[in-house]
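Several structures are given next for inspection.
In what comes next, chain A is part of two complexes: it sits with chain B in the first one and with chain C in the second one.
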Partner chain A sequence: MICQLVGVTKSYPMGDLLVQALRGVNVSVGAGEFTVFAGPSGSGKSTALNLLGCLDRPTSGEVFLDGQNVATLSDDALGAVRARRIGFIFQSFNLIPVLTASENVDLALRLAGVEGSRAERVEKALTEVGLKDYLHRRPSQLSGGQQQRVAIARALVKSPAIVIADEPTANLDSTNGEAILDLMRQMNEEKGVTFLFSTHDPMVMARAKRVVRLKDGEVVADEVRAPS
Partner chain B sequence: MGILLQLAFRNLGRNRRRTLLTVLTVALGTGLLTVALSMLTGILLDTLKFAAAAVGHVRVVDPEYARRDQLMPLAYNLPDVAAVVAAAEGQPGVLSAHPHIMMGVTGAREDQDIGENFSLLHGAPIAYYTDILDLDVYLSSGRLPAKDGEAVLGETFAAELDVKVGGVVIVLGQTQDGSPSPARLEVVGLVDLGNKNVNRQTFVLLSQAQWLADLEGGATEVLVHTADHDDADEVAAALRSQSALSAYDVAAWNERPPFDSVGAFLQAVRGIVSGIIVFITGLGVLNTMLMSVLERTNEIGVMRAMGLTSSQTRAMFLVEAVTIAAFGGVVGVSLGSGVAFYLSRVGIHLGEAVAKAPAGIPLHETVYPHASVDTVVLAFLLGLAMAVVGGILPAWRASRIQPVEAMRHRR
Partner chain C sequence: MSFLLAIAGRNLLRNTSRTVITGAAVLFGVGLSILGWGLVAGLDENVLRAARTTYAADLLLRPDGYPTDGLTYPLADAAPVPAELAALLDDLGPWTARTAFAAKLVNGSDAQRITVWAYDGERDPLVFPRDGWKVQGRWPTPGANELAVGHSLARLLALEEGTDVVLQTRTRDGAINANNFRVVGLVRSDNAALDNLGAWLEFTDAVPLALLGDARSHLSVRLRGDHAEAASRLAGKGFQTSTLEQECEDLLALNRIRRKSLSIVVGMIMLIAAVGIANTVIMAAFERVREVGTLLALGMRRRDIRVLFMLEGGVMGLSAGLMGALLGGGAVAHLQRKGIDLSSAVDTLGGSMAMSTMIYTQFSWGVVGVALAFGTTVSVLAALWPATWASRIVPADAVKAD
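The block that comes next holds the complex of A and B.
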């Protein structure tokens, strides 16, 4: 098992009220999974991903990563965990606009404290997502699909324990979305990379190995699909 | 650190107009500072050069005279001034020593009643006037006094008495024991020393003043001059240790009012002026830096998500601010020292304001800025300070951006 939420609640203050985004969620993700969090808007998908990605801390409950409770770590310690163990893919790609494709990927290695052979690793990661010829392009010179491929390379280059992707296809057209998802599924199958998404997109759900359904901050269903 | 530098430099090129604007703000600030500091240094040096010369780099007086300095008490004098001059001139480092008498007088044109017009009357050897005060240079008409009965008047005093060169004035001073003592003086020259207050003076030969004060062979003070006003302290100490001068009060110019405070005063003015310019420029930097932090919120969140620590985030923005300041500083001090150098040639006319300065501080109405390496370096360093002042809040703001910001997406 890679990561786990145990009895996790998360509430956000909204004026005088507290919004209960998660109300006691228990879920765990094992190595090699290709799992989707699904559910209506506001059901708590992003909140759950943020906690599993160590981007935030729960209001109560425990968050485990590789058996370690990370809910109580300091900001900098949590940052170090993210840098080394977790890859992120964001909905709006979120590449650093002033860096080229290879520099964006390299940034992940540098922040993870990787010293040697960075250049080869960067080039390999970009080659694997089909961008061998676009190493020195800035994000503004790449299409949306290409940018998301760079983001995948950036997330994978440091060989993370898990890749977390919040609606990775929402900003792409269906062709590009499918291609991106197939690419991730391929990485999952060939290299055993663990992926965890959130999505509204039936196409994404169709390709998932496991779908966890959330509603009003609670897990309402957890289906493991037969391998496609 | 390498990543931070790279990112900071790349980000500078991102919104070129804004970077340029910030660079120009800092350039303007450092430029202004260079000019303002040069100007203040110019005033200081001018005041020191002129005034330290006028009051003597080192002054030898009777200790009681020193105590009542402001009243210029003629009774506490140096009866055998020649001996004091000889002792002082024998001291290595001393260029010259001149006997000098100062007394307050009232004056009037010969054909009018003595009125309320006061003047500070100086009696000194002609060499003091020509070599030390450069009085001949400041003559606006006529010549220097050549014998007793002749006087040079400052423009203001002459105007008050309504006399010109060739006119005759009666001055009323006093003797050393306090009796009234009038003298009839022919005006042989007028001087413009560059300041209304300073122009209210009268200059006569030493023997004339000795006669007025009933002080034959004596003087109230001996003014000692050294090659440079910076040597004064050392020479004063040496003179003080001479047995021939042990009975007297020996003081360097900077130990006496108003010079014991004028340096500190100008230093304070420099501090205030610099502070204001740094603060205002800092606000300009703050404004643009804050905008770029707000624009980059999402991106900073992404880097935080990838493991950039909050202190690294802060450092990244500070590097950006300091880089901008370094560019702006170079431009600013270059232009500023150019302007200061130009102004050091043509001078800046300060006008009437100077006339209202405290009487003891003989400021000139036209000042010549003094641009030095010290000033340029100081202005540049203050430019960096501007960036830190302006960059610290945005950098702090950036460091507070949470990693979850990465997940919030723009639409």
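The block that comes next holds the complex of A and C.
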């Protein structure tokens, strides 16, 4: 098992009220999974992914990554965990606009503390997502689909324990969205990379190996699909 | 760090007009302070040069009781130089004695009250080489009743080389006396006051005119050693001593006030620059919340986020400061060689300050360094609070759709 939420609640203060984003969620993700969090808007998908991605801490409950409880780590300690163990793919790509494709990928390696041979790893990662000829382009010179491929390379280059992707296709048209998802699935199958992502899109859900359904901050269904 | 520096530099180019406008204040502040300091230092040098090359040399002695304000030159207070003092002065370096007295210069129907400087043509050049002076014509020949006059005075009285004039004065014992003189030199010295109201005359011709005898009003010494130490040895010999710096104290004090005003102006510009930089950095932080969140999500430490934004302030301050230093320092270095010629302005204003009409600004790497360091430090400090704000962004913000 790679990561796990145990009895996790998360509430956000909203004026005098507390918004209960998660109400006691138990879920675990194993190595090599290709799992999607599905559910209506506001059901807590992003909140759960943020906790599993060590971007945030739960209000109560425990979050395990590689068997370590990370729920109570300091900001810097969480940052170090993210840098080394977790890859992120964002809905809006979130490349650093002043860095080229290869510099964006290199940044992840650098922050993960990788010292030598970064250049080869960066080039290899970008080649694997089909961007061998775009190494020195800035994000503004790349299409949305290409930007998301750079983001995938950036997430994968450091060989993380898990890649977390909150609605990775939401800002792409269906053709590009499918291509991105196929690429992720390919990485999952060929290299055994663990993916955990969220979506509203039935097309994306159809490609997942496992679908965890959330509603009002609770897990309401957890189905393992036959490989498509 | 060098990597953060590279990102900071590129970030500054994202909104070039904002960066340029913000940097302009730093550029202006740094440039102005270097230029201003160079100019005031040039004024200091000018004041000292005017006094050193025309009447004070390094050390000036006047008879006890003689006025030191440079406004009147009473012949009655002039005194012979005691042999003991002369011997002491010989030890200090080349020195020369002069006698200044008031006279009326008459050219036909025009007349003007002037100050006549009687000098010893043999010794005077040893103390006053008159390097920077411009003389139209020549210096008087002793015994020929010849006269050199300041060029402004010459213009006022329409004097030319060869003009015959009458000098009228009170002799040392109070009688009125007059003699004919021929103007042979028109002098542009380093001292506007002399150019306006001064005339030079050999003792040989001044003694019979004013019945000076051996009374002297100014002993000017070109020192080989230390000023203060030398002055202390001359006490109690019938003459009061004052160093070049003491002679110029009033005008130097004026320059100190100029420096203070300059500091205040530069301080205000730098304050504006600081506000501008703080504003620019906080705007950048607001605009880049998601980007900062992304960097945090990728594992960048908060303190590095802070360093990044402070570097943006610092790089902006340093590069604008460098340009300001280049412009300000360049102008100062240029004017140090070429000088600023105020003679036409002084001529029209009829100024009679004991200053040269040529101001040579003084270039100093120290001033450039301090101004640059100050500009950069202000910029970095101005970015401190915005950078701290940026470092408190939470990484979860990175994943929020916008």
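Quick note on the criterion: the second predicted complex is superposed on the first by the 228 of 228 C-alpha atoms of A that agree within 3 Å, B and C clash if a C-alpha of one lies under 4 Å from a C-alpha of the other, contacts with A are read in each partner's own complex, and residues count from 1 in each chain.
Methods note: a contact is a pair of C-beta atoms (placed from the backbone, for glycine too) under 8 Å apart; a residue touches a chain by one contact, two chains touch by 3 or more.
On a predicted model such as this, the values are computed, not experimentally measured, just so you know.
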Combined model on chain A: chain C and chain B, fit or clash: clash
First, second, both or neither for A:Asp166, with chain B first and chain C second: both
Which of chain B and chain C A:Leu135 touches, first, second, both or neither: neither
Touched partner set for A:Leu107, first chain B, second chain C, both or neither: both
Which superposed partner A:Ser92 touches (first chain B, second chain C, both, neither): both
Partner chain in contact with A:Ala83 - chain B first, chain C second, else both or neither: both
Stretch in clash, chain C with chain B, out of 1-9, 127-135 or 163-171: 1-9
Residues of chain A at both interfaces, chain B in one complex, chain C in the other: 46, 49-50, 53, 55-56, 75-76, 79-80, 82-84, 88, 90-92, 94, 96-99, 107-108, 110-112, 166
Chain C partner contacts - residues on chain A that touch it in the complex: 46, 49-50, 53, 55-56, 75-76, 79-80, 82-84, 88, 90-92, 94, 96-99, 107-108, 110-112, 154, 166-167, 170
For the chain A and chain B complex, residues of the former touching the latter: 46, 49-50, 53, 55-56, 75-76, 79-80, 82-84, 88, 90-92, 94, 96-99, 103, 107-108, 110-112, 166, 171
Contact footprint of chain A on chain B as seen in their complex: 2-3, 6-7, 10-11, 13-14, 298-299, 302-310, 402-404, 406-407, 409-410
Residues of chain C touching chain A in the complex: 3, 7, 10-11, 13-14, 290-291, 293-302, 394-396, 398-402
